[in-house]
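This is the structure, below, for whatever I ask next.
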């Protein structure tokens, strides 16, 4: 409708006239994307290890060598007693401590098995599991090696376990391929939602909203005119981000890219709609931004972007079903990284569509020209 | 010609226990300039906001341009113009852009917008600033611009809330010339002000004290009733504690 | 001085009267601590795994049993062929698959290689690695015990997780969340609050009052210090009472460090406000300059050790990074000032620097 066009024209004029704003809206997401992508990785390069060798024998020395040689560990300290180890762990000088007790070699020769103690600083949680697995791998190899050494009194040959590990969809384990879409979604959502919410709050604060409320503009027209310009801007940011992702980071595009854009279009209606809805019950920009930030934080952290949804307790996973970010992230990753098609994304996409209609209806209903 | 433009009956508004507007009844005819006087906080703006559909009345009713403000608000909005106390046009848009926007909102065609822009800007002498950002033009002109936008779609009733606040006497004069011109075309004008000399310019006026109308009539009638020579005196008498 | 206290009182009334913001300021962080404490896990669990076993036998069934017994895994199906794997992975119903060779049991009785394929959905390389590590561990253990011959060498490894024996995510999240919340409240809200006066023009009115510009800023900022501190107390209280988060160190030290970080954030907020003329610009500047770096570059979620060197150097200027080290150190490890003095001094330095920057910029802008 013509009125909507007039209103949209005003919004665009206002946004593009504010040079600082334009710079921020387009530049910031791009810079963030470039810089923060580099940060987003969990690859443990190598773990600082302390080896307390109370045995000081050939065999125990051999173990220390194997640990160092693998590249997964850096033997920062090799000492015969536990002195100062607590301090080292506390000061983060080492993250893991392997204690080889006295009598190690003897036990192996006599009993064919010997105890070892591994301490891991689990300060950061998830990493500990990976470090443990790496340690176990080295130990397992060494054990097999010792068991088949010539000169051993009893050479025992057994079957050898050969685990062929395959990583599907991301054979190069490129974390960027996973995070770039995720970051792009975060950035677009944050900026889009914030701009939309703040826009109405600003008009309230400056008093220009009253002038609009006195005109025959309908609620539907008003909400639409507040939504569309930022929806378009957000899609543009998304598109630019995708291009950069493809050109600079080589993110996979195994599935249908138009499908991703379609999903983005639907998703943004929901995300921006939430911003609009927030602005219907706040009265200052400060309030609006505050509420928006907190809600967004919850959405982002519970969307599977940074931590897996599968790991959440059942009730949280149920709640996550109402998180539009979660659905969009799922769609993006399924389509781009795994090459999934309509069948996989139909349901979440429908969910988003329903969500979009619902939130806009809510916003329109809540928005009242006449204060009660 | 004496069609009723504004008909308020028992208009009341409460905020919790505080009664901001207390049983206000009055009417304004088409072509009339009606002054709404009162001290700050007397309830003028609140009453006006109810008449233009921005605030729901706690009790009472009102009809503006023939439609009920509470139940037929959209019809009311099509027929009124409004200029708020706080400047409420977009100061990061140009003069032209503001006018075009509101012209479009009120359903004027491009041709109409162009023609009326020309006429209005010419009348207030702002033609030279057509492409200036509103934030850069002086206050007096801003107010006149706001009035022009309020009149752009030729509404039947115009509501002006303290339109001449902070403006120099010459500009005030020009303002009132515009108001008279508008009224002459049959538009009803409701003006709130606390400048009592402006009150003399109105056809009829009312003085609000603590949310209720304490005096109403033509300037002469009011002065007569209170045996005063100036509205100033009337006002002081009404607002001094213990006044009748 | 009475003018100043009057001003502070006015600012406080502002906030108290703004019921919405007040309650949100108090409740939101609390809600988040509870939410994230219960909901967010960085570790993997409920991994949906399928086993492909062309020749089921006692030994191979034992493998399936092991996976089923593990709380980390969920055995979705045991297939005779790999036919259905592709679809399962693509739709996300499967995250891992173990493909056993034909006649596995017979092979395991011999002396040759027993090839087992472990397929992991590595779309998310991180969880992929972790899933792979856990699955590998189970497979290895199963294999060793199933093929145990007298004479084989074996290490009995006992593991002890220090500081966080149950790998509780809450211990990792609460410090990070506190930092994030403080960043939002202290830095962003301050920046927006000051910019707002500029935007609505009330700043000028304040400036012509007898209050010194610095008193104005301090007065504006004071309520947020209180709010930030209240939030810290609430968040820590919740973490302690509801999740039993450890509090191994000195609580006075902890609260002092929190206060220090609040001041750092405030100073940042002030600097941002001097650069912004509208609330919108302040908001986006705070977003880019504060929120995202705090989220991504502080070690909150992504470990600092994993970042490429240039980025790791960049993280040194993110105040939250240092704050996180301090809080985690005190709460989880029970570290004291002796260990943390370096980080504390760095935060002090940052605060001082930012305050000076802010003062200079403020002086310029107001002239």
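Labels for the chains are A, B and C, by order of writing; each one numbers its residues from 1.
Operating definition for what follows: contacts are C-beta pairs under 8 Å (C-beta built on N, C-alpha and C of every residue); 3 or more make two chains touch, one makes a residue touch a chain.
Predicted model, so just to flag it, every value in this text is computed and none were measured.
Count of steps on the shortest touching-chain route from chain B to chain C?
2
Measuring between Cα centroids, what's the chain most distant from chain A?
B
For which pair of chains is the number of C-beta contacts greatest?
Looking at every pair of chains, the most contacts join A-C.
How many angstrom lie between the centres of chain A and chain B, each centre taken as the mean Cα position?
Computed value for the inter-centroid distance: 56 Å.
Any idea how many Å lie between the Cα centroids of chain A and chain C?
11
Chain A: which residues touch two or more other chains?
Residues 18, 206.
Could you list the positions in chain B whose residues touch two or more of the other chains?
none
Check each residue of chain C and list the ones that touch at least two other chains.
none
If we count contacts the way the header does, which residues on chain A are in touch with chain C in the complex?
Interface residues on chain A, with respect to chain C: 18, 20-21, 24-25, 28, 31-32, 35-36, 38-45, 89-91, 108, 112-130, 132-137, 139-140, 142-144, 146-147, 154, 156-171, 173-175, 177-178, 187, 190-191, 194-195, 198, 202, 205-206, 281-287, 289-291, 293-294, 297-298, 301-302, 306-308, 310-313, 316, 319, 330, 333-334, 337-340, 343-344.
Which stretch or stretches of chain C touch chain A in the complex?
Per the touch definition, chain C meets chain A at residues 18, 20-21, 24-25, 28, 31-32, 35-36, 38-48, 89-92, 95, 107-130, 132-134, 136-137, 139-140, 143-144, 147, 149-165, 167-169, 171-172, 180, 184, 188-189, 192-193, 196, 200, 276-281, 283-285, 287-288, 291-293, 296-297, 301-303, 305-308, 310-311, 314-315, 328, 332-333, 335, 339.
Across the complex, what residues on chain B touch chain A?
52-56, 70, 73-74, 77-78, 80, 82, 84, 86-90, 92-93, 97, 100-102, 104-107
Please output the residues of chain A touching chain B within their complex, sorted ascending.
Interface residues on the chain A side: 2-3, 5-7, 9-10, 13-14, 17-18, 206-208, 210-218, 369-372.
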